[in-house]
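Below: the structure, in structure tokens.
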Amino acid sequence: MELVLAIAIGILFAAGIWLVLRPRSFQVIMGLMLMSYAVNLFIFISGRLWVDKPALTIEPGPIDPTLYADPLPQALVLTAIVIGFATTALYLVVLLASRGLTGTDHVDGKEREVY
Amino acid sequence: MFWFDHLIALPILLPLLTGVLLIFVDERRHELKLWLNAAGILATLLVTIGFIRLIGNGHFNGDTGVYLAANWIAPFGITLVIDRFAVMMLLLINLVAGASLSFAYTRWSRLEVHFHSLFQFLLMGINGALITGDLFNLFVFFEVMLAASYGLLLHGKNKARVSASMQYIVLNLVASFFFLIGIALIYAATGTLNLADLARSIGELQPTQRTMFETGAALLAIVFLTKSAIWPLGFWLPVTYGAAAPPITAMLVLVTKVGVYVLYRLWMLVFASDASSSTGFGSQLLFWGGMITVGYGSLGLLASQDVRRLASYSAVLSSGIMLTLLGLNQAELTGAAMFYLFSSTLAVTAFVMLIELMERVYSPAAQMLAITMEAFASDIGAKGNTGVIIPGAMVFLGLSFAFCAVVMSGMPPLSGFIAKFGIVATLLMLSGDIGPSLNDWLFIAALFTSGLFAIIALMRLGVRIFWATGHGATLKLHLTEALAIFSLLLLCVMMTIAAGPVRSYMDRIGDDLSSGDNYIEQVLNRGAVASPSSSGGK
Amino acid sequence: MSLLLFILLPFIGSIVAGCMPAYARNRESWLSAAIALCGVLLTLGHFAAVSEQGVLRYELAWMPDYGLNFLLRMDGLSWLFTLLIQVMCLLVVLYAHYYMSPKDPVPRFFSFLLAFMGAMQGVVLSGNLVQLVIFWELTSLASFLLIGYWHHRADARRGARMALTVTATGGLCLLMGVLALGHVVGSFDVDVVLASGDTLREHSWYFPVLLLIALGALTKSAQFPFHFWLPHAMAAPTPVSAYLHSATMVKAGVFLLMLLWPILSGTDEWRWLIGSAGVCTLLIGAFAAIFQDDMKGLLAYSTISHLGLIVLLLGIGTPLAMVAAIFHTINHATFKASLFMAVGIIDHESGTRDMRKLRGLYRVMPHTATLAIVASAAMAGVPLLNGFISKEMFFAEALTVGDSSNWWMAAAALAMGIFGVVYSLRFIQVFFGPLAEDLPKQPHEAPRWMRLPVEFLVICCLVVGIIPAYSVGMILDLAVRAVLTDQTPVYSLTVWHGISLPLIMSMVALFGGILLFWMLWRYGNLRQVSRVPIIHHLNGKEMFEWSQLRLTYLAGRIERLFTTRRLQPQLFLLFCSGLLAMLLLWNLAQLWPQTVLHTTFDPWFALIWIVGAGSAIAAAWMAKFHRLAALILVGGTGIVTSVTFLWLSAPDLALTQLMVETVTVVLLLLGLRWLPPRIISIQAARVEARAARVRRSRDFIMAVIGGSLMAAVSYFIMMTPAVNSISDFFLTRSLSEGGGTNVVNVLLVDFRSFDTMGEITVLSIVALTVYALLRRFRPAAESAVLPRQQSCDFDPANRQTPAEQANSGYLLVPGIYLRLLLPITMVVALYLFVRGHNMPGGGFIAGLVLAVAFIVQYMLAGTLWVESHLRMKPHLWIALGLLLVVVTGAGAWLFGYPFLTTHTAHMTLPVLGEIHLPSAFLFDLGVMATVLGTTMLILISLAHQSIRGHRYSVDVADGYTHHHRSDREIN
Amino acid sequence: MSAILPRPGLSLLLLCIWLLLNQTLAPAHFLLGGIISIAVPLLTQSLMPHKLRLRNPVALMRLLTWALVEISRSCFNVSMIILFRQREKVNSQFIYIPLDMHDPYGLAMLSCLINCTPGTVWVEVTPEKHELYLHVFDLHDEAWWINTIKTRYEKPLMDVFEGAADAGRT
Amino acid sequence: MNAAADLSNWLIVLIVFFLLLGGLLIVVGALGLLRLPTFAQRIHGPAITVTLGAGSILIASMLLFSSLNSRPVIHELLITLFIFMTAPVGAMMMMRADVYRKLREQAKEKES
Amino acid sequence: MLGVLDIALYAAKAATTLAIVLCGLRLMIGPTAQDRILALDTFWICCMLLALLLGMRFSSDVFFELAMLIALTGFVSTIALAKFLMRGEIIE
């Protein structure tokens, strides 16, 4: 299970890196999305991995923390997801603006001169 | 819990509130917006000064004000921490912010909607990053800061700005991913996010956890180094500064400084205490990175043909010097470093604002003249033995340029010189009889060389702009703009005159940072307000 | 206290002068003259005190912790220099009043001049070495400004730049030397320093200190090899040359050497360093002076050689040599200043300084000519003039160097004497012969008062030359005693010592000089020669400029080499550094065995992730040419991610992830419409291939390494046993004190509500930015053309407006559902919001759900229709939401709790039963409003683009044949 | 009345949804749900141009029950085809079915039934001839389909939504 | 499965039946999506999943929770309702998109 | 007898996962955009069912909201994509 998740994170990250290093702004935004998935999962597992634990809704009465997964990383992931969404949106709009003003969708705002 | 403890949250809340209120105000009522904005900054400044007084009078025990947001004790809740270091930075930030607002008033703030709100949000982010005591909260405030800076960078959109901000945004997004990974690693290793708790627990880490922690710390370091434009990671800086509107560039300079601040804070708090091999390694890395940055910056200064690049390279230079000082890993140097940070920041921001005035007088094209024109110019041009009469605004411009140049290049007598003198003197003082180490010598040499290069570059530029092409040029100078620049330079002068007290205050900062235990103790022992309904954590 | 006046007066004066209007020349000069006069009187007033107490001190605390106080100190030497500065200033001001043209903006001139005077005073009076350096650099700045006074002239600019560069560099060296010196002797206070000469000379740092300080001094007083800046500084107005570049500033270096003579001198290093510099300068200067055609140039070089003489005397290092040095300093100041002024007069009256043109001026300006001749005689060292005496002293000292075995010093001295006579003759020959016709102006005698300073100085020369002992004896003595306190030698200031070797030498020099001049004049065609014979090609100026340019170009090349303005390399570097950081984990590998497995392998989970990873890779593969497909694939990955969250029992995350997923897809689709078509052109592909293949493979390797590293890291994390984290606290307190059963939500709105506040602020910032960015934004022309799908004629929808499509067109039937879903979704959103505190959900999800519901309406009926039927004001939502959050947080203050402390109000109503209203609820409400507002604002601003696009396309589209998005590219 | 309750049916539906969501009949929730179910339609009615008129709920019930059977039957068929028949034997066709019903809600209901029945997918109603453009997964007898749709589905729906009055003309 | 001791066997049998049926139908639908040749045919596969597959799972869940909480738990009906409201829309849109895209491609071939 | 229920739940879960995998394959192989969209749509449904099954597995209502939300909003991205395919832009 751990191995599966680790490999998954790795693959997502690799795809993200590859795309982020591409010259086209749309590829970059795709890469950013993939990377944010990977990073979210990574934060999530920083509280270690628990399967077959009940979700983090607790009944009244004394609580045995060992029965539950670590809630803090989940809260962090939530915040991270939101911020990631916001920045993605912003980047998308900047991408459009740059495409509109410079006429190209190259990340540098100008086509790379071919030599 | 005294009334003044609640003040600690204000540096974050005041800008937020102001920004929100500014959203309500209609764009057409520009004056009102401006006054609201100014009022927000002024209030923050007053609070800051209040902090100085409070700390000075020892109202906060341990001279460290701790605020438990939402009333949860550390390390569980989020704590805000105020000490001299934070207060100094707050002061600097808000002073510069005020200046750049007054500069932006005439032109830039009318260019697009929501300038003022974004401005305040940026301040909120910076202030939050300065005073938060929680790692993830730091990330959040960094994002606030960055998001606002994106917005402001795009302000008055044009080709250059948009493509520059593409670069800036993508780099910072990736850096933010690193930030998150680093936080996750640190949490996985230590199970806490509170800075004080981290500093406490670093001693009792298992080797495994320790390695994870160090990796996380390294990633965070990369993030902050990117922000503070260390050599191989700082190429975004000239591009961005070159594109942004001058008052915005001034604020971006502050953002850079925040990166440096956080590095100092974390390093001094968490690493300075523990003496593992990795720390030494890290400081070596930091030192050399800083040195390379200094070299890069000074070469860039020498090579730069136009004003904007010159400004950005001097910013690079100053953060390079700060990083090197940190890499020397002596807490006593912090005072000198802070002094330098102050004066260089003031000078660079003032210079950045001058840029626009210069460009208003001389077309940027004229600035791109090859330097050979100056070097081998045959004695062409008017030969008569009568000088050119300079209009008043031009006198102001020239004088402020000269002031900036003097401070930035560390020439006597202004604060730049005091700062450099302080650094070298402290280094010599610390070295004692054995004399400074090789690294110290290298650094001193770099310091002087960079100063020389700055002199040459600035002089060349000044001569070209003010003397070579200055025939009857007239400048429309608005009072607010003049005021902004004047006040910044005035601060430099005051720092020079009051060098003694200022410097000793900065040294207190150094002492605070070097004694991290006090910070840890204050934060972790801070009790929450007991509530009738519930007990314990609350 | 009175010492302070010496510094304050000039600076105040300079500020006042600077503020005066441009036409106020008289007021200007009166002010300056007054200040200078006061200075002179003050100086004379201090004579008694100095001669009695030896040293006057005045101290102000500045940076006491660093031994850096504002400390003024006046001893005999500095008194002498003060006198020099003040008197010269007085004369120069008087002279300048007539010299400067009425059209000149004199305020600038006088204010710079006074500033310089203040700085110079600071140099000679400061009793603190660092402070001395400060004033030192100030003099450099002032001279820079004064040289560049006529900045419309290229030579003035160049001269100024050269002077500043050289002297400032020297200043930096000096600073370093002073700091090192201070470190060695433990203080910057001059008196302390002077007291501890032996410690310094023993110390291992002696040579570096000496070298650095010497560099400072030599650059300042234009010693070889730094002498080249002085001739170019002659572009300054003549009063400036007279004042700065002959009398005072260039003497600063000499002053410094004299000041530190007691502690630095007496070693071989000193002798060789200073002495050799002096000798070279002396000879080169004198030799070069002969062949100048510009009178000022000649004087400049002679100044250089005389400075060399003084420096050489200091280098010789005997007490008598010191006496001679000080004495010559005075003499040189007097005659050289007067000569400069004379040149100024000639230049002023005849309009040129070119000795090739000038001739026979004696006929038209007899007074000036006489003065100039006498002064140059003094320069040549003719008996009964002051130059003679000091030069004789110099000869005497030159003879004493070593013994008879090395005669070269004497030879050098003799040569210098001969050259001196030659250039003096060359100088005065402009007065003889027939009057030149081709002069720019018709020369005539200068006004009375303009000649006065010259006359005064020349009289000084005579007086000192005839009765030295009674004229300067006391002053000289004072200065000498100040420097060599106890080792003051016996010396006699008399004209006639009887026949002695020095006397013979000076006679030889005199007549040899005349002879040489005659020969050069007759055979050497001296009159027309305009370049220095042997040494012309070691041209300091050329070298300076060349080095400057080289430096700049080199810097530029290096900078270009080590910088980039493109994004991809920067990202690559960033990733590299990140990976390096992760490599720190390598030694986790040893800790491998002690890891624990929390879970058992689950094949189905692996299967799901095969899909997820597969679609991620496919997305990476297709993102360039099949954007839509890539988008869908990324969506698939997103779903797999949220399924993972679900699987690992984190429903909140899954929920948020899915909603964000949906909104993001809509967002990207809105953006996708404006991206340019990407059609593979074979040729371009082939051309690109070479460059790109390398890049691609590089990136691919990077990606693989990065991915595997990430995988390794996360695996290690999951394998290492969990640490006892702070999370138990949250679990135990969530219900009892947070008042909610959903721990994650309680974390968000209570424990870490500060984060949430920041987070929604980020959202709002982004939304405002997007709005501001797109408000007046016009999409690119070629992308504004209608999509291909809307330009085909057989689709009935293309004949309808969006509203018609929705209300009667093909969207009618779906529209029924979509419209019915709006209220239902709102109810569900409210439910999620209310239950959020205890169940998955909360304000954020609710806000997103609401936003999605509205967006669906936009998609259905188009922007115009929806907004004509329903006005939503996203700004208002954002602002209200944030405000609510802040106010809720601040509400805690009323109860004396910190910001954002939650408080639950319990009330029991008759019918409804018990109701709990936690303040976190209001907080969450604010979050919901903000999220709704931001999402709507972003999406609507994007949607408005296409309206603008349509409007725009009408203008541009006709005749614009453009295949928008070929279908091959979509799938 | 209509000022407060523009859409009584919708309000009722929303109230039911609310109570179902909260799985309670507590008075507090009745109150809250009531408020919501009155407020929401008021907010959203401007975006809902088409009004719903239910004439004959009983017929609707009957239709639904029949449809359920039909759905499961065709579900079975389609599954069989997917699992066991080789693909080229499958005869998928587009067919046109002329429609008389104009009430949008009726059409919506029809589309729901058709799409939920495996084997048939609604494409669109052609604007000119007002024909239903339909895709059938495994077509053997086109006439049978047209007949089934018109009698089994359209007529009852017209009863339900357009009333018996104009349902006669088929 | 905790706290479910009081489930009567016939109920369990019922639940199990619906679960298995649902699972089977889901797979069959997905299989149809995968192995049918053209889009117009593939779109019929998921219909099974959506209707009966989902339906039977929902029934199972309803039965289970009702018996666990020993009171009728019927809020799964909501999900059913939503599915029946949303699934047709998606299907219609996709189908129409497919149809018109095919038409466009034919038009393009005619041009060239 | 409860064991049977567990097994059945596991089987259902497995079946759903299998369905997800099949959808994923279709998602990847395409070949046309509408195929991918269809696959994505089915994907959502399967997720919803998975959520329901997990809810039954843990016998908690927590997952119910999730399932309901997917049922309610899962189709949005589907129709957005479909409309983009059909009209070239989703909000006209």
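When the chains are written out, they are named A, B, C, D, E and F in that same order, and each has its own residue count from 1.
Here is the rule we use: contacts are C-beta pairs under 8 Å (C-beta built on N, C-alpha and C of every residue); 3 or more make two chains touch, one makes a residue touch a chain.
Here the structure is a predicted model, which is why all the values come from computation and not from measurement.
Shared contact partners of subunit A and subunit D, listed by label: C.
Nearest to the global CA centroid, when each chain is reduced to the mean of its CA atoms, is chain B. Counted by C-beta pairs in contact, the busier of A-C and C-E is A-C.
Work out the mean CA point of subunit E and of subunit F, and you get 9 Å between them.
In whole angstrom, the spacing between the mean C-alpha positions of subunit D and subunit F is 23. Put simply, the C-alpha centre of subunit A and that of subunit F have 21 angstrom between them. Averaged Cα coordinates give subunit B a centre that lies 64 Å from the centre of subunit D. Touching of two or more other chains is recorded for residues 565, 567, 571, 575, 612, 631, 647, 649, 651, 672, 717, 722, 725-727, 730, 751-752, 755, 759, 762, 765-766, 769, 773, 777, 788-789, 810, 813-814, 817-818, 820-821, 824, 828, 835, 839-840, 942 of subunit C.
Shared contact sites, meaning residues of subunit E that touch two or more other chains, fall at 31, 43, 45, 50, 75, 78, 82, 85-89, 92-93, 96, 100-101. Touching of two or more other chains is recorded for residues 17, 21, 111-112, 122, 124 of subunit D.
Within the complex formed with subunit C, the residues of subunit D that make contact are 10, 13-14, 17-18, 21-22, 26-28, 31-32, 36-37, 40-41, 43-44, 46-50, 104-105, 107-108, 111-112, 122, 124-128. In the complex of the two chains, the subunit C residues touching subunit F come out as 604, 607-608, 610-612, 614-615, 618, 628-629, 631-633, 635-636, 639-640, 642-643, 646-647, 649, 651, 654-655, 658-659, 661-662, 665-666, 669-670, 672-673, 786-790, 797, 802, 814, 818, 821, 824-825, 828, 832, 835, 839-841, 845, 849, 852, 855-856, 858-859, 862-863, 939, 942-943, 946, 950, 964-965, 970-971. Only residues 82, 85-86, 88-89, 92-93, 96, 100-101, 103-105, 107-108 of subunit E touch subunit C when the two sit together in their complex.
If you check the complex, the residues on subunit C that touch subunit A are 565-568, 571-572, 575, 597-602, 605-606, 609, 612-613, 616-617, 619-620, 623-624, 627, 630-631, 634, 637-638, 641, 644-645, 647-653, 656-657, 660, 663-664, 667-668, 671-672, 674-676, 678, 684, 687-688, 691, 699-700, 702-704, 706-712, 714-715, 717-719, 722, 725-728, 730-732, 734-735, 741-744, 747-748, 751-752, 755-756, 759-760, 762-763, 765-766, 769-770, 773-774, 777-780, 782-783, 838-840, 844, 934, 938, 941-942, 945. On subunit E, the positions that touch subunit D within their shared complex are 25, 28, 31-32, 35-38, 40-41, 43-45, 47-48, 50-52, 73-75, 77-78, 84-85, 87-88, 91-92, 95-96, 99.
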